[in-house]
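After this come two complexes, each holding subunit A, first together with subunit B and then together with subunit C.
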Partner chain A sequence: MAMAIKLSLILLLCLSSLLAPSFSLFEDQVGLMDWHQRYIGKVKHAVFHTQKAGRKRVLVSTEENVIASLDLRRGEIFWRHVLGPNDVVDKIDIALGKYVITLSSEGSILRAWNLPDGQMVWESFLSGSKYSKALLTVPSNLKVDLDSPIFVYSGGCLHAISSIDGEYLWKKDFAIESSVDVHQLILSGGSDVVHAVGVTDSSQFDTYEIDVKNGGLLKHTSASFPGGVYGEILPVSGDRFVVLDASRSVVLLITVNNGATHLQQTHVSDLIHGSSENTVILPSKLSGIFSLRTDSCIVFVKVTDEGKLNVMEKVDKTVVVSDALALSEGEQAFALVQQGDSKIELSVRLVHDMSSNHLKETVKMDHERGFVHKIFINNYVRTDRSHGFRALIVMEDHSLLLLQQGEIVWTRDDGLASVIDVTTSELPVEKIGVSVAKVEHSLFEWLKGHMLKLKGTLMLATPDEVAAIQQIRLQSSQKNKMTRDHNGFRKLLILLTRAGKLYALHTGNGRVVWSTLLQSLRTTSQQQCAGLKLRQWQVPHHHALDNNPSVLVVGRCGLSLTSPSALSIVDAYTGKELQNLGPAEHSTVQVITLPFRDSTEQQLHLLIDADKRAHLYPTTPEAASIFQRESENVYWYSVESEAGILRGYGVKKTHSSEYSFEARNLWSIVFPAESEKIIATVTRKPNEVVHTQAKVIADEDVMYKYISKNMVFVATVSPKASGPIGSATPDESVLVVYLIDTVTGRILHRMTHLGSQGPVHAVLSENWVVYHYFNLRAHRYEMSVIEIYDQSRAENKDVLKLIVGKHNLTTPVSSYSRPEVTTKSQSYFFTHSVKAISVSSTAKGITSKHLLIGTIGDQVLALDKRFVDPRRSLNPTQAEKEEGLLPLTDALPIIPQSYVTHAFKVEGLRGIETIPAKLESTSLVFAYGVDLFYTRIAPSKTYDSLTEDFNYALLLLTIVALVIAIFVTWVLSERKDLQDKWR
Partner chain B sequence: MEKGKGVLGSRKWAVEFTDNSSTRDILDPPGFTRASPDQDDSSLTRQKKDAEANWKSQKAWEVAQAPFKNLMMMGFMMWMAGNTVHLFSIGITFSALWQPLSALQGVGKVFEPYKDNKVDLLAPKLLYIALNLGGMLLGVWKLNSLGLLPTHASDWVSSLSPAHEVEFSGGGAALY
Partner chain C sequence: MAVLQRSKPNSPTLLLLLAQLCFLSCSSLAIASRDGSGYTINGRVKIPGFGAKGFGLPVKANNAKVLLNGGQQVTFLKPDGYFSFHNVPAGTHLIEVDVIGYLFSPVRVDVSARNPGKVQAALTETRRGLNELVLEPLREEQYYEIREPFNIMSIVKSPMGLMIGFMVVVVFLMPKLVENMDPEEIRKAQEEMRNQGVPSLANLMPGGARSN
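Presenting the complex of A and B:
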């Protein structure tokens, strides 16, 4: 009976949600349970704009392809544009004092943005004949009457483009005559000649003088050097250039004088006494000086007028050098940053006077920020007419800091723009025993807050009080506490960034609780390390409650798949690196979290290396014995996208050592290379909870879901159609989707979509998969759903047998029993193209599901799963309507109110993570890209709790009033009784 | 109940108008025949008791048939309430279930006033019980038609958790 009542209640809920299919937000609810953080990523170039009075700003371009204008006072973003993932920003500069010029996509797109507000002013596409380096020169004081040209070298051509409207002025193609590779564009002030300096076939040095007015070639000189060159040519002064030869042991000084080119060779070992391995010329342009970096040090070399090279100074190799900054009267200054222990030393020097520091400042620096990677300097004139300097530095963890007068003015944690992986951790349990004073205080505050709220509801509040109410709601101390809450809303989001830094963010307001630069993932000069995966390592539940939870970070030191892996275990409460297991001897290509735990609640993990061997972690005898016991039923599979092969493996009985195991190949699926190419694979989330195996459909009928965690969705397209949309005709492109059991390699379902192609985004949950692709025939995006049902259980429909328990529904299932399955599928049009798809997840899996779709507009759209139900039909029967089945429509509706990101954009959206809260109705959603966004969603409304703004004071007041009323009426009735008796 | 007591006759006092002890010196009024007093005293009480028993059994039948009216009314209300689950229909259904149940519990009490050696209460009781059971059946039928009875397979498996999987498999594409 209880079950039936529950059923009907759920039905009621469904009906009520049918009336209001979207959940939406009021304006004053923004920020109550969501937060949004805007980032820009690691800065590549920075241009200061401080000349005029008014807002001082710095324009930056970053590795996340963001161009942004930052406030120099506080580091806030004035405006920002995120270019597409393929539109890499090459150069950035300011023209005419009002336009920001960006050159992107390997020099093929030139854009101008309005400096104050970031509106695009013009855009020009530059066509070239071959791939080349992209160079941008914006002349500051050209004395030619030409409407402020910009010179761009890209694609083997030199373009002159008007900075006013982006019109082409002229074009000079170098590729026609020779295969010169231009390294530098030099525009000496005041002259009307552009110098293009380059190298042909890495053995001939070429200079071209080109007329600024019409692009005519005025002069061409060349000189060959037999040794070849390494790296870039660096101009030292107007007619002198330096370059390294191919062996990296000789510095060539090139002097161009009246059409004659003079070469002079100097051995690096003559300049640097000692080791001179891996010599490079640093690209800092300092007049008359160049800097050489070797493995041991950096030297500054002055080129005298006679052409001699004099070593001026030798500094440590970790020193970072800025570009030269022109001060007044032809003076130039540059900055050096020296790394110390938990501090950095910034020194500014004048180019003509290298001997002494113009300015020297020591700044305390959190050592979790790592080394300084880049420095940009800017000057300002102090009240006493002397020069002051501010320095923008980019740290190893991608954070951006502004230093001025020996202090950090502001910091931006821009490492958070490149999140690789996300996991969560519970907060510590609240300690019992709170002081009485605190309780009284909080009680008083509580009452006060609710009285205010009551006033608000009764429309009695003054505007000030309304503001106070909003303030209380937004800054509720409850949601920011560092302890576990009853509903499970307060958690730590642990983020692994590309810089190898681990951040813990509080879900209440998104503040950084701790951050750690992982030592095992730090890139050194020998090897480049990067994080791969973040997994929960220890989640204390019952046995080890006094332990802190911890996470496992798996990284790789090197660029190839066979590079050794780096492992570290980090405490989730403090961010301390508990164990550094790396660099391990083996590589890692896959991380598998096994569903087993040891007695200290450590999760067992299997790391698969490039040689298909499995390595067990933690390396304890207990873990080994647990794994030994279960190893018969542990399998893994690999997807080789290039080869088009899926392979399944089992653990071989004979193992090489106690913690590493040989694999035995059990099955493989080879897709025909001429017709199919794997473009997407999706599995179920390993921690997904499914409430029930039965699906109740209309007329109380039951269907049994095929719920298997060992199911993978694979999408393949014909190789011709693997390019972008439009590259193949509908007849050539075929999209095939598979559902494959990964234990036995059995293909459970295969479906072909003719005339469709990728990109495919899919999500697999419970017994269904929803995927998004492009239909070439209809010229529209489509979404399809496949639901898979277990036919071997379908006979379990006899009530009596079910009552007495004579059914096979609870017996463990094996994939080797080959259960019969049936599928249902349906397709719909969908307006948006998609960046990511995810699905809401709740603690018990009872609540209905919402698909979370990251749209091309960088927003997250919640779409009820009922819209993608393959049982939808044009005319649903009465019973089906009661069940909540919607009539079939050809397109999926996009309800504006169901954007969970409401007014925000998660720029550069890459992933959407859902985390179940303890409250069954609620799912936590974290979307990341360049920005971060967090919110809570309740797909079936918060049926199990009162809303946040529930008025407890009103409830209390009502109860008190009722009690008083009861008392009064009781007294009255007593009195009346007495009177009646005396009558 | 009041009536029954009156019939049973627990008199406190009485005035005897028929004085049999006095001699008949006064003639009977004309038209008066002294026949009735001749009747037997015991036969008189028996007659009375018979009447009483008759009345009791009649009353008992009436009481036994009372739920029938109730049943009809319930049926009408159920028909009015319709087959959708809401407060009204659930309230009616539960009262329809509860009323017969409470009535069946108090079946002895209801028939106590009519308890008599001569009256056979079994038949009315059975009728009463049958009618109440009928009412209850009506309630259950209503419950079923509302879909609140676990008579379908779906009611028994809807919260059955998924079966445990023997094998575990993980993996995927190589990490980059």
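Presenting the complex of A and C:
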């Protein structure tokens, strides 16, 4: 009976959330509980635009395929475009002083963007005959009215394109005559000839002179060099080029003179005395000078007019060299950055006078930013007509800094554009109580604020007052405090980025609390390291309250799956690396958080290596003994997508060493390779809480959810349909979905969608899975839901049996028992493509759920789970209506007010993370991609707390009014009584 | 709306080219030409209510994107709203338009291999065929709730207003009602109440009736 009451209460609660979108926001509430941060990613190329007076800007292209125009004064984004995932930017430049030209997709797409507002002006598609390097040459001395062409070398062809409207002028196909690979395009100022320099079969140098007007070949010279070449040809001066030979030990100087090509060889060891391993020519183009980097140093070599090579200077190999910057009177300058301890030294030199530094500045640098990776320089003319320089530097953690006059003018933490994994941490508990005086002091302010708010709700406020209200709202919410709050809204979001840096962001306003460049994940010249996973390591609750919580970072040092892993444990409050366990001897392909903790509340983790061996962490005897005790109940599975095999594992009794264990294969499911290919596997979130197993349906009946933590959803498609949409016909594409128990390998449910294909995005929660796929027959996206119910408990409905105790409710849910399950499913159309799906999660799992769908437009849509309920029917009965069941529609509704990101976009959306707050009604949502977005949602409205804009003043006013009314009526009735008595 | 197809120099044959031009001139269907290994799809996005002549893009649409097959190719709009996808293989494709503030229906586009230049397009949401690839939003999207302007009803309707209203009713109207009632009737009602006793929670619960 008690349960029935509880159930009906929950039912009531669900009912209470009305159909209207429960996530909806007034425009003036933006920023109250959400924040949005815009990033661009690690900068690859930068072009300055500082010629004219007015807004000075820098145009950048990044590794996240973003092109952006940044304010050079403050580093803010003027405009930004995120190109498609396959549309990698090759080159960026400015043409005509008003267009930004980008070359992307291996040189096949050339676009021009309007410099002030970022509107695309024209787009040209360049088709080539073979793959080649992409080169872009934009004439620099363009007058606005003069239409000089832009030259692009891509796909083995040289294209000339009008810079005004993108018109195709001519094309010269090099691949027809020979297999030349062009390395450089040179357009000497004022002349009508474009020079192309390349290599044929890596043994012959070719130079072409091509007419700018019509693409006609004017001159072709070649010289063969049987030794072969390594890397790129670099121009030194108008007719001189340098390149390394195939053995990387000889520098070749090529001189083109009157149609004859002359080669001259110089050994690297003659230039650099000592070791000269891994020599490369740096791509910085400096007139008359080139730079060589070896394992030990960088040397600058001057090429004299007679063709002699003179070493000018030797610097440390960690020095980063910028491209040359043309100053006035044909002078050139370039910058060098020398890495020091917690500072960097920037020096600018003039090419013609290498002996002394033109400018030398020392800038203090946070060592958490790592090494300098790239530098771009720009000059400005000071009031005394001398040259000043500003430098844009890209650091190891992908941050972007502008240096000027020895100061950091601004920084951008663009590492946050490439978040790999997210976890959260609680903030410290507030220790000192709030003093009474402070409260009294702010009482008046508080009341004033509420009076203002009252005015606001009554629409009586003036614009000034509205601004004041907004200010009060942002300040008063105490959301930025560094302590734990009662509702659990204030937390630390810990983010692991691709650069190997760990950031902690406060959920209140998204500020960076600390950031750490993990030493174990730093990429060195020997190996490339990358982070993989981020897990909570220690969450102190009862025993180890003095300890700070900590997180475990698992990374990999090397590119292959068998590379050794790097582990480190980081304090979540300070960001200090507590323990560096790497590089471990084993590799890591899977990280399993076990549901066990040791006495210091460290979570036990199992790392599975490429040889299917399990490694236990922490490596303490206590953890080992806990694991030994529980090892019979530890199972995991692996997905081999290529082979189409799903395997389940357990731990072997015999172990190879104290902390590493052999796996035994328990089961495997082999999908037929000719008809099924695995495209998606999804499992339940390990920390998900389910409140009740029973579900009361309309006719006072109870259904029991099949709730198992060991359930995995697998989707396969026919191999022909594994490509993008449009590559397969409906007849040859079949989508099959499975629900599989990961302990026994039992297939709980299998369903076939004929004429459908991927990509499949799915979310598994409680007893249901919702997945999104493409229906080729209807040519629309569809979303399907499968709910799985435990049939073996269905007889427990009889109340008499419950009272007598003849029920099996106390038997635990186990994968060993093979209960009968039934499933219900339904499909609906969905308008948009989807990038990610997630589900809201709350502390106790009582609140109804919302699906969070990341759409192709980089927005996050909250969709009530009741829209994807397989029990929906066309004409629901009265009882079903009362239950809150919606009538069936063929498509899922898209209500604009239920976008949790409202008018923002999370560009390049990759994932949506939900975190339960302490308040049952509320779930925290964090969406990440190139941008970051955080908000909190209440799927059933905030039934357990007053909303933030609850009007206390109105309540007070009502109470006062009531009290006055009581007095008035009391006085009135007294008077009436008196009159009655006198009568 | 005639869409001029700039002929690419490497088009397979002149004949094909002529056929395309002929086709394009006699039908205004915007669309596919062969270049290299695939076809080109040209189209246009039109957002009504902006610009004097009903075209031109609003400032808002500056960040408009057009996506082919769920993001396989992404392109942007030219100032006049035109877009094109290059190198698209023959087959049935899906084009989506992403402009913040507007909802666009995805468009099904069939590029025929046998019949170069022939393209069929249909909105997938409304199943409406398109004569030319001009995409218009289904509706504008309003992401925020609109605050009701101040009126007396909203105050009355709020919980506090209802409380005050109820109090007014109880204080001023109830005594009048009671006065007007027949004393006999009042007594009867009171007796009835006494007989019924306290209503129990169990009676209200579903399933409670059965267990009783």
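The working rule: the second predicted complex is superposed on the first by the 889 of 983 C-alpha atoms of A that agree within 3 Å, B and C clash if a C-alpha of one lies under 4 Å from a C-alpha of the other, contacts with A are read in each partner's own complex, and residues count from 1 in each chain.
Following the convention adopted for this analysis, contacts are C-beta pairs under 8 Å (C-beta built on N, C-alpha and C of every residue); 3 or more make two chains touch, one makes a residue touch a chain.
Small disclaimer: the values here were computed from a predicted structure and weren't measured.
Of the two partner chains placed by superposition, A:539 touches none, neither subunit B nor subunit C. In the superposition on chain A, A:590 makes contact with subunit B only, not with subunit C. With both structures placed on the common chain, the touch criterion links A:118 to subunit C but leaves subunit B unconnected. Of the two partner chains placed around the shared chain by superposition, subunit B is the only one that A:608 touches, whereas subunit C remains out of contact.
Within the superposed three-chain model, A:700 lies in touch with subunit B and with subunit C [touch as defined at top].
When the two structures are aligned on the shared chain, A:683 is found in touch with subunit B, with no touch to subunit C. In the superposition on chain A, contact of A:392 is made with neither subunit B nor subunit C. Across the two superposed structures, the residue set of subunit A contacted by subunit B and also by subunit C is 1, 4-5, 8, 696, 700, 799.
Contact residues on subunit B toward subunit A in their complex (touch as defined above): 85, 147-176. By the touch criterion given at the top, residues 1, 3-8, 11-12, 532-533, 556, 561, 588-595, 606, 608, 630, 633-641, 648-649, 681, 683, 686, 690-694, 696, 700-702, 704-705, 707-710, 712, 742-743, 796-799, 802-803, 807, 809-816 of subunit A touch subunit B in their complex. Listed in rising order, the residues of subunit C touching subunit A in the complex are 6, 8-10, 35-36, 40, 57, 59, 62-63, 65, 67, 69-79, 84, 86-89, 91-94, 96, 98, 100-101, 103, 105-106, 108, 124-125, 141-147, 149-150, 155, 158, 160, 163-164, 167, 171, 201-202, 205-208, 210-211. Across the interface of their complex, subunit C is touched by residues 1, 4-5, 8, 24-28, 30, 79, 81, 83-87, 108-109, 111, 117-123, 125, 127, 168, 171, 458-460, 696, 700, 724-727, 759, 774, 776, 778-781, 799, 831-833, 835, 856-859, 891, 894, 896-897, 899, 902-903, 905, 954-955, 957-958, 961-962, 965, 969 of subunit A.
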